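Chain IDs A, B, C and D follow the sequence of writing; residue 1 opens each chain.
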């Protein structure tokens, strides 16, 4: 097969301009040229820089996933995609379940991601000292922040903010924890207050929620029935088209009325 | 034209092929300590021509390959059932790895896990081995009785006796303790109960049974279990009387 | 990916919810799962889905072989179960799960004689159809036995095999290709189905999902057929007698519903299939293949003292298959 | 429906719970007084319970070995077969046979199963293996010093897998496993001899568990149910660490002990006697052993393996013990 055939079949695109493609669909393997104006470019998820091994110079930028190219204000580019798996970033808020309670200084945490192991120091709680620290059991839920993600080592979580206060982090009691696709979680977290789903649900059923960037959601309403209903609604919504949210919410509203 | 057989005549008088009445058990003998002192506890249970031996080893340090995944706060109960190659009419070559034996092993384990007080020996392992020597109907129920007796013999703390028997409904009469000859002609429901609370812990059905009859058959089986319990208790008491002397 | 560790809050929620008559997924405690059944292009393939998220595929096939020594007048029937690692996210291999499913299916379909095996006999003691059902668990979310039994039943009901007979005059095995004869369906004596329940302190939960199965220790399987006969019972936790009777009652009603649905779908498939009634052309047989038993016997006896065994695995047998087979056997 | 619904079949109702009144029970001290008599007090059979029997429905009793609390009605229920005993508020069921739990100060005989870091694991018939720390043995050279890295490397030369030792229980860990020590000349590795397994409950607790019997045999009656029988060489203390006495060469020492045929016969005879006692569920201690040994002398050693002879010996010992009980 000669060169011309391959280009026809593969439809490989090269020398694209980052700014031109914003909002377009990008496929894995698409190559972007380096912006000429030597300003600093920050690459987010789905984009990688390729460095020429011989000259040690930046050669191209390549997309490694399929998604819509987005641009954030100061020259930051990333791909927006639907995904079920979580990739960790510093300062992400994640939900986890205690998997094991070792004799050492750490709990090991299940963060619902096969590739990631995570651990939480037994001292990383508000006001914890060597002597007084919460005693958590296997199966307890925690809401933590990613402190560090060293390569080949477990994620390091913490349940205190840098200020030393918990500010909502820590162990969660009661309620229900379940998994939804990561992109749905992203939508929940980034939505503007006007069309924030959680607030809309909260107006129908008052409930506490915690949303982890890793796709876990924790919900607690006043009783078991309402908790299950809210959890079920969120799971349905995560699979639904955003246009249908309204009808689902209306349906939910009427179901809740019959229960209460 | 269907002609009457000898068995039909017997049925009219409610006598079963081996001469028993419908609610009569076969002859039962049981013995404890048959592997004394090699095993921690052991027992044999014979009902009619069905013969089963059981041995309990432990509790002892976990020695099986499960150790790696084993939670140190939990106890491992390991059950292994095998039937002798000569136990039934068809001679079998290997009996340990086939699906039937694996199923019985895993069912036995679930029964043992319920009667042994949970996690009383954290980090230890208890092995229960059950061997079917001769199968003349009701072998699974005999296995449960033998295993219970062996656990009692080993002095392993248990909540309650698990006792089991088979029962069926045939010619609209409930029958208890089905033998191999009858098994071919009617359903065979193995019923196991916890002797004190009468809760059902074992159910196993061979052949088809009208759902409508289930309640009657269960009642019959539970009555049979009570009779078995009495016999097991008697065996245990005899053993206790024998050993009383050494209690100091 | 779902977390593997079960959270304590979910544990207490499941138990608390059951007391209030509601379960995960906003189901009622006695509400069974919705079943979806579809059939494949080849005969005897069926996929059963129990929403949400349990999917099992079953394929029935038959080959000609030797009947077992203990039952010379019957065909054989084997069921094998595979749990795809994709379904669980981990290698299950030969663990207890597939073998437990296989045992349930064996008890219901084989030991309770759901399939008429005598009609599968071709020549007493020498040749019989060997029926085989391969069950693949594709997605797993609890209730594997329920789904697998449904898929197997669907596969058996839609299965067709070619006609095979012994020519009386020549003592030869004649296998008519499907295209040339009216295909033979299996004869089922009764149609079994199984319903599972989880036990949560005196409360029955019908057809639990995976999370409920993991959280609640007790499981009860009730197998019932279309004539309201119990064909399978299995219990892993102490249960009161009343609760057990309630479970069989619930199972019976649901079972009949589900079997009716399956029967309707099977009828639909059969009419769609438009099996032409084959009319035999005049004159000598065109493509039918004749295997000489006696020839086979002598040729095989010379080598290994074995009885002839002719096997092929595809239910859709064609003339070329037979030719190939013939070569293989005689070589 | 049937002719013989009741009557012929041995049917009884299953749910009938027996109940034992705690006020019939005698306190453990009284049992201790009975010890000298040797025979069982009559009331013990009245305290007999089997698993599932309710011991008491009253609140305020403490759950001891062999009992559990029924979660539904908080009653105390027996979980093993045996006799109920009460010490103040603590209720226990003394089981027959049963599991060896171990108490501090018990003499045990065990077999090394594993050599680990700074410790040995010892099979002592308990629910977990016993732990013998490197620091709780006497070094072969007899020095008293901290254990060095060389000692750690040479652990297998001191005790290796399969060796039989006698030891004393030093302490019980949180998880129920037992810590052993051999820091006494009485304990340590055992030389030539034979190990007999009996139920741990029939070993009678006495002040001394290591005996030189007049028949020229020494026995160690491990509380755990392992009994060690070895020939008694001239003037040698039984069960002593053979290496210790002659520090210059342990291997040669082991071979120096000449075991005569008579020694072997005596060991074998005592082994069979212990088997006979265990089969008849008679308590095992020095006196009962001697009774059994005497009773066995009219038989050839090999004949003692016959069940009828075993039973006869058991019967004779039982009579002897009853006589002794009446005499005192």
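Operating definition for what follows: a contact is a pair of C-beta atoms (placed from the backbone, for glycine too) under 8 Å apart; a residue touches a chain by one contact, two chains touch by 3 or more.
Computed from a prediction, not measured in an experiment: that's the story for all the values here.
Chains that count as touching both chain A and chain C, per the definition above, do not exist in this structure. Among the pairs B-D and B-C, the greater number of C-beta contacts is found at B-D.
A simple rule picks the central chain: find each chain's mean C-alpha point, then take the one closest to the mean of all protein C-alpha atoms, which gives B. Set against the C-alpha centre of chain A, every other chain centre is closer than that of D.
Centroids of chain B and chain C (each the mean of its C-alpha atoms) stand 31 Å apart. Distance between chain centres (mean CA atoms), chain A to chain D: 61 Å.
Between chain C and chain D the centroid-to-centroid distance comes to 56 Å (mean Cα coordinates, whole Å). Under the contact definition stated at the top, not a single residue of chain A touches 2 or more other chains. For chain D, the set of residues touching two or more other chains is empty. For chain B, the set of residues that touch two or more other chains comprises 197-198, 222. Under the stated contact rule, the graph of chain-to-chain touches is a line, running from one end chain to the other without closing. In summary, the structure contains touching chain pairs A-C, B-C, B-D. The part of chain D that touches chain B in the complex is made up of residues 1-5, 8-15, 17, 31, 35, 39-40, 44-45, 48, 50-52, 66, 68, 77, 79-83, 94-99, 113, 121, 123, 126-129, 175-177, 197-199, 201-202, 204-205, 225, 278-283, 318.
Interface residues of chain A facing chain C in the complex, by the touch rule stated above, are 84-85, 96-99, 110-114, 137-141, 172-179, 216, 218, 220, 223-225, 227-229, 231-232, 235, 255.
Considering their complex, residues 70, 96, 99-100, 102-103, 106-107, 111-112, 190, 220, 223-225, 228-241, 244-245, 248-249, 252 of chain C touch chain B.
Contacts from chain B toward chain D in the complex involve residues 13-14, 21-25, 36-38, 40-41, 58-61, 72, 117, 121-124, 152-161, 172-174, 176, 193, 195-198, 222-227, 229-231, 233, 236-237, 239-248.
Across the interface of their complex, chain C is touched by residues 90, 99-100, 102-103, 106-107, 110, 114, 187, 189, 194, 197-212, 214-215, 218, 222 of chain B.
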